[in-house]
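You will see chain A twice below: alongside chain B first, and alongside chain C after that.
Coming up: the complex of A and B.
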């Protein structure tokens, strides 16, 4: 009654008691240009991977006749042969050990170092943080020769420890740079409340810091894992015994050994990508969460 | 249960010269609710944090009961603290938050559960025990913070502005709840706030601090009726007390056109430093509207009238033929008069008011201390 009186003349009044369900969630198509760019980028990213995976299902003659064709007929022997070969599984095991070892080392050392830098007051704290940050500007390529000499002096050539240790060292800068702001964001009151509740500084670290920084820890762990999994140059210098080869080395070795058998090389390559791919897609959301997330009370 | 004693407790922050808390002497009785109040930066939170063990004590000592805790770790002081932002552990459920201290102390699980449930019942939190703090409203979080303190059954509760993150209505409601809860549990409580209304309504006694120095301790009534100095007079009470400095002539203060007679002892208390002036304060409700020409009355020009239903306040300026003295209440530069809400003057009117006999507060103009 009173509501309709305030409406401008000529407008119909809404029928009381009825609700029009507006489909506000209706899908909105973007501009065609957006889709074009997106499709081009996706094609550029997926194309080579798809070529490698599909190539593994073809024979060498198929590849020679029509390099860009689809498998016809589909051949599975390439994959089964690679899967039954000993060198593939050796390389796979070595890669897994190297990547997991690196991840554990990076996470444990990274969290501890970041905690101290983020929450303790001591002289030289800023210098130490900058030192770690400076590590980011120090590519492994530059350091590879002295690094090799050092590893050799330590007697770690041809061992997985010889690649795990440098990989941890090179992953620490990123880890610390991601984790320090994360740990700094834990409110001071939380630490005070915990100390009144009876937690020691170490107790606070275990019971509060670790659980609260878990998203950041997972992110840095995944980054370290993938970097170690894909690492090529360091293993190339350190490892020369095929029994210690990691997957990238194994792929290269296999490729030079079976250079005529392109299809098999493609099968080997695509199989070696799978674990990292699975790992990444499983934790992809967590990675982003760890980069953006801070602790909210 | 225990008493708390600050004995010349002093805190100097590194890099500063003036102590944040200067020679604080304060004795809090067993089971008492003491409110530390003052403007921001007055050292009230620092005092509390010294008692909690979160700040070093640079001089003097602090006792809980008969035990000197000056150098004791926070966890060994048998205290519980409620923080302004509650400091709930975000990754733990409400029950785990409340039982955390007991868990660290190694209390058996069944007992933790039982004590947490008891506290939750008192605070009406039973149905939220399995939630994370994130999924609670502000008021519920505040209650969890209280619950965390209660579960420990400490000797002393410390509360650092626990209500300042709540909205006005909830604050008033929770204020009463906390006060009645404290009476029920009978635990000695030190409560920090900047809100003098909170202080007056909750505390058994109030301690007013300013610039790290204790100004006055007393019951709310004492603080209101007999403020020890100009600062306390202006700080306690809402609306604030009208305070002004006036000339003294023939044993009376000249307020506007009125002469407020002073007691002989007050006049005798004046020193050369006062230069023949005296500071007089009177609360808005100590004024009566009187017919013009009444002896001892002065005139106030009405600038604004605030009607609160039960009361009405006139904000105005002092009219004076002599043009001497400044009279104002709190931070405003106006005189506040409480008037009958059924008989409200118009803006611009001039009303005559007189101070009720014996309701004026007289302070030394130079030192600010109460005279007589």
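Coming up: the complex of A and C.
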């Protein structure tokens, strides 16, 4: 009743398309202050990125004379040269394959294992969960040398599979920890109803579990994608052939190769962050939504 | 259709033969377990094994050294310094990022114009890679970089510093960059936590005459407790294992003189770069054990309080339930 009493006082609700943030606090922050803080915040977050992007539009002599200035005049050759260079597109393709392969692998393996942990009763279930959870404790840093030897033994150095498989393995703990509460939250009654209707446990898995856990799946998929896209240490150890370089290695390689050509390095750097930014902006709402479910569980 | 007896307590009580259930468990969890064991657990165990050897990485390790590697590590002053830096980073990350993230999340949970754009822009630093962040910030903060020039332009020449090289300042610079890079992740988590707080609580509090800030301190913060504690846990573990940014900005050799070396950069320098894989593995084991002890202590004394709904000490409101 209090809800219905206060509802009319609420502001015009969120525009369609924004997701259901429960923010109809009746209290209104002093608006100018809020906007001021927001502006400062945005400036702080975006400033360094703008520096990189704008730096790519300058010449080296402009950068040397005034490192904090704006492009004057604007120069586009840095960007066009990077965009027409083969190494940039090779690294871009490799990163895309690595990130997509990792994402698909993590989601498929993660959902299956989480389903077992969340909804089956068997001896060793607790051990299985603890095993994966313990993985959170092992950063790639700890395992990187033996990991390199393992990949070498399997003959996977200088292949994208050599980074995709370890990336899947190291993303599994987070994935499982986020997904298990999602899968547990699916009401038992649903499963019983499906069973009465003749669905097998696996049928229930495909028809009900996958759709219902989609927010969690998307969240974990995005986290794995970004981690793979940005990964630095693993490719550094596994990949030495420039034809297999991913973008972070490409950036690092380019930066050392053209260390005097700051402007071009900045152009290369800004172009390499675009895909992850697009990907993230498309799915950003899902990330917040997915984590909400995980934390509730 | 004979349901296995005695399993009624579980969730998945379904009719079906037992072997079939086992097959399903094996098929569903098998691939994940195999990949996980092969690329995480086995390498970690191998690191523990190599740690007892003097080994240059060629052929099987034969030169058994016992605990010699560990003795060397634990008596090395540069390692002590690195551990100290790690713990400074742990503490400062919590103190700097926590309050900032909560404020940002509160801000972004308000109804203001352009909220979704603000939300997206705040996450930009989190999404771009460490290599990009490191490359960009290293250029900006260098002695003749954009930051010092900017200070000069606005008449603050006396604030110009050697941001990256001065041992008294470099840690501060690192914390600035870390906060910039990772606060977005904390905000995502806090925002998710905020959205799970029932709106009715605020309405009831408003009816009782609670001001905005009273609502935040009495409702938001306590109910955000579990989220804060999970974030703090992830932040602590991440800070103990910090490598990429330090390595990219300071390189392998400068980090220790600039006072920003970490256990992981120490491991990279003295293990991988020096070709001493046995020694590097031993450092990895020490790094792991330190993280493990911290994590266990944290879980024992902080995470278990979640049922009580109290706040952790790092926000300075220990035990203050309403």
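One rule holds for everything that comes next: the second predicted complex is superposed on the first by the 249 of 297 C-alpha atoms of A that agree within 3 Å, B and C clash if a C-alpha of one lies under 4 Å from a C-alpha of the other, contacts with A are read in each partner's own complex, and residues count from 1 in each chain.
Throughout what follows, contacts are C-beta pairs under 8 Å (C-beta built on N, C-alpha and C of every residue); 3 or more make two chains touch, one makes a residue touch a chain.
Just so it is clear, the structure is predicted and the values come from calculations on it, not from any experiment.
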item: Which superposed partner A:116 touches (first chain B, second chain C, both, neither); value: second
item: Dominant contact partner of chain A by residue count, chain C or chain B; value: C
item: Which of chain B and chain C A:190 touches, first, second, both or neither; value: first
item: First (chain B), second (chain C), both or neither touched by A:127; value: neither
item: Partner chain in contact with A:135 - chain B first, chain C second, else both or neither; value: second
item: Contacts of A:198 with chain B and chain C, given as first, second, both or neither; value: first
item: First, second, both or neither for A:260, with chain B first and chain C second; value: neither
item: Partner chain in contact with A:33 - chain B first, chain C second, else both or neither; value: neither
item: Which of chain B and chain C A:212 touches, first, second, both or neither; value: first
item: Residues of chain A that lie at the interface with chain B and also at the interface with chain C; value: 195, 200, 295-296
item: Partner chain B, residues of chain A touching it in the complex; value: 187, 189-190, 192-200, 203, 208, 211-212, 295-297
item: Residues on chain A engaged by chain C in the complex (per definition of touch); value: 2-3, 6, 11, 14, 18, 20-27, 29, 31, 34-35, 37-38, 41-42, 44-46, 48-49, 51-52, 55, 66-68, 105, 108-110, 112-113, 115-122, 128, 131-132, 135-139, 141-147, 149-150, 165-166, 168-170, 172, 176, 184, 188, 191, 195, 200-202, 205, 226, 229-233, 247-248, 251-252, 255, 262, 265-266, 269, 272-273, 276-277, 280-281, 284, 287-289, 291-292, 294-296
item: Complex interface listing, chain B residues touching chain A; value: 52-54, 73-75, 77, 79-81, 83-91, 100-101, 104-105, 133-134, 148, 152
item: In the complex with chain A, residue positions of chain C that touch it; value: 7, 9-16, 21-22, 24-25, 27-29, 31-33, 35-36, 38-44, 46-47, 50, 57, 104, 107, 109-112, 114-116, 118-125, 127-133, 135-137, 139-140, 144-150, 153, 180, 184, 188-189, 191-193, 195-200, 202-204, 206-207, 211-212, 215, 226-227, 230, 237, 241, 243-244, 248, 264, 267, 271-272, 277, 280-281, 284-285, 287-288, 291-292, 295
